[in-house]
């Protein structure tokens, strides 16, 4: 049988894929980062088993990515950090997306299963 | 030659298509409508020649569309009204999306060309 | 430590969220289902650890969903079945999306971990 | 009153914004360009007043954009050329997206209005 911890990790992955592919490509400038962060976090928190989402879009990276006269760029994984906490049947999963060696990685940080053996994980994925 | 008014209308259409297909499908609930409205408006206002965007997501329609236990639905054209004002080389174009006979229509409302003959338009399009 | 099986499930979830939120909202008619199925499967198979994806968009459901004169609708979870096989460090995960009680469910079907105890799972998630 | 030519240009813009923001961000590799081209063209051709769409994703640019070990990249405007023909009430509009000075431009190429004065246009827009 699949375990509750495995299902919790599956749910955590769904949220990450959803957040990334729903919002990647959104026009963004330093003037619109705050509203986009809030909308992304609140949208994904609507999904089942999603306890908390924080999105940090880095204004300096956005400014640097704006390399033409129009004054905006498109949202990509390299412009933001994301953290999520998923809770499923007593199991808590923490995940994050951050830059590693120049690429945005979606990482399974920790799985806290009261009936199992929680511990710190490390990076597992490149999805950019 | 294509006229400035025609180009302004082309730009106005780009903004509508962008807004709709970037954000349709976003998980939404009455608790997250305000942040999504703000993010949509500010994101599209980043695009060139886009003077103003207002997005109104109707909480009552969102609540009605939530027909299962998870407490959220996905954003579609039937849940919101959108108005935009585009300015290109002195021409101002006003557009909106609203429900007509049960379907969301993207409409070219008015083209104000100081060198031409501005007037009120009427509904022109179904893109849902 | 997070286990390989947990990481495989996280990866499987990422693929499902990606597929859904990249392609939901795409204009679709019975004339364009085959090309959309192929593009969705091949696009997601590009992602790491993704062995196989099959997408079946049901022409009859698409035809039924076209309720206005324009002759097309937008892709949603209720119009298709999806199956995926993910492979991560020797662990194989099978997932699917199909209708359950009128809603599309993303399900963790089976986790085959040669070092663990593989078995059939059951439905775990509603993400529509 | 808004003219048929203006409305045709508005429709043309909608199609471009839709195509771009629906499909930008899709995972793509040289192995999946053909299916993605076909799906994009057929999807947008479903929309009203859209006579013809051609999408050319350049395999060499895709290969060049794959700068990490995963073997895929995300679709952006710089990887493709797009041409569209829109027909509205006897007016034909031709549009394209192509690289200009290193940026993808959406251009209104020509408006052919039998009751007006058709001619070649030139580049009008940067929406990337």
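For clarity, chains are labelled A, B, C and D in written order, and residue numbers in each chain start from 1.
The rule is simple: a contact is a pair of C-beta atoms (placed from the backbone, for glycine too) under 8 Å apart; a residue touches a chain by one contact, two chains touch by 3 or more.
In this text the structure is predicted, and so the values were computed from the model without any measurement.
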{"item": "C-D or A-C, whichever has more C-beta pairs in contact", "value": "A-C"}
{"item": "Between subunit C and subunit D, centroid-to-centroid distance (C-alpha), Å", "value": "28"}
{"item": "Cα-centroid distance, subunit A relative to subunit D, in whole angstrom", "value": "30"}
{"item": "Rounded Å distance between subunit A and subunit C, as computed from the means of their C-alpha atoms", "value": "20"}
{"item": "Of all residues in subunit C, the ones touching two or more other chains", "value": "18, 20-22, 25, 47-48, 70, 126"}
{"item": "Chain-level touch network, classified as line, ring, star, complete or other", "value": "complete"}
{"item": "List of subunit A residues in touch with subunit D within their complex", "value": "21, 24-25, 68-70, 74, 76, 103, 126, 128"}
{"item": "Subunit C contact footprint on subunit A (complex, rising order)", "value": "1-3, 5-7, 9-22, 47-49, 88, 93, 95, 106, 108, 110-111, 117, 119-121, 124-127"}
{"item": "Parts of subunit D lying in touch with subunit C, wherever the complex brings them together", "value": "18, 22, 25-29, 31-32, 35-36, 38-40, 42-48, 70-72"}
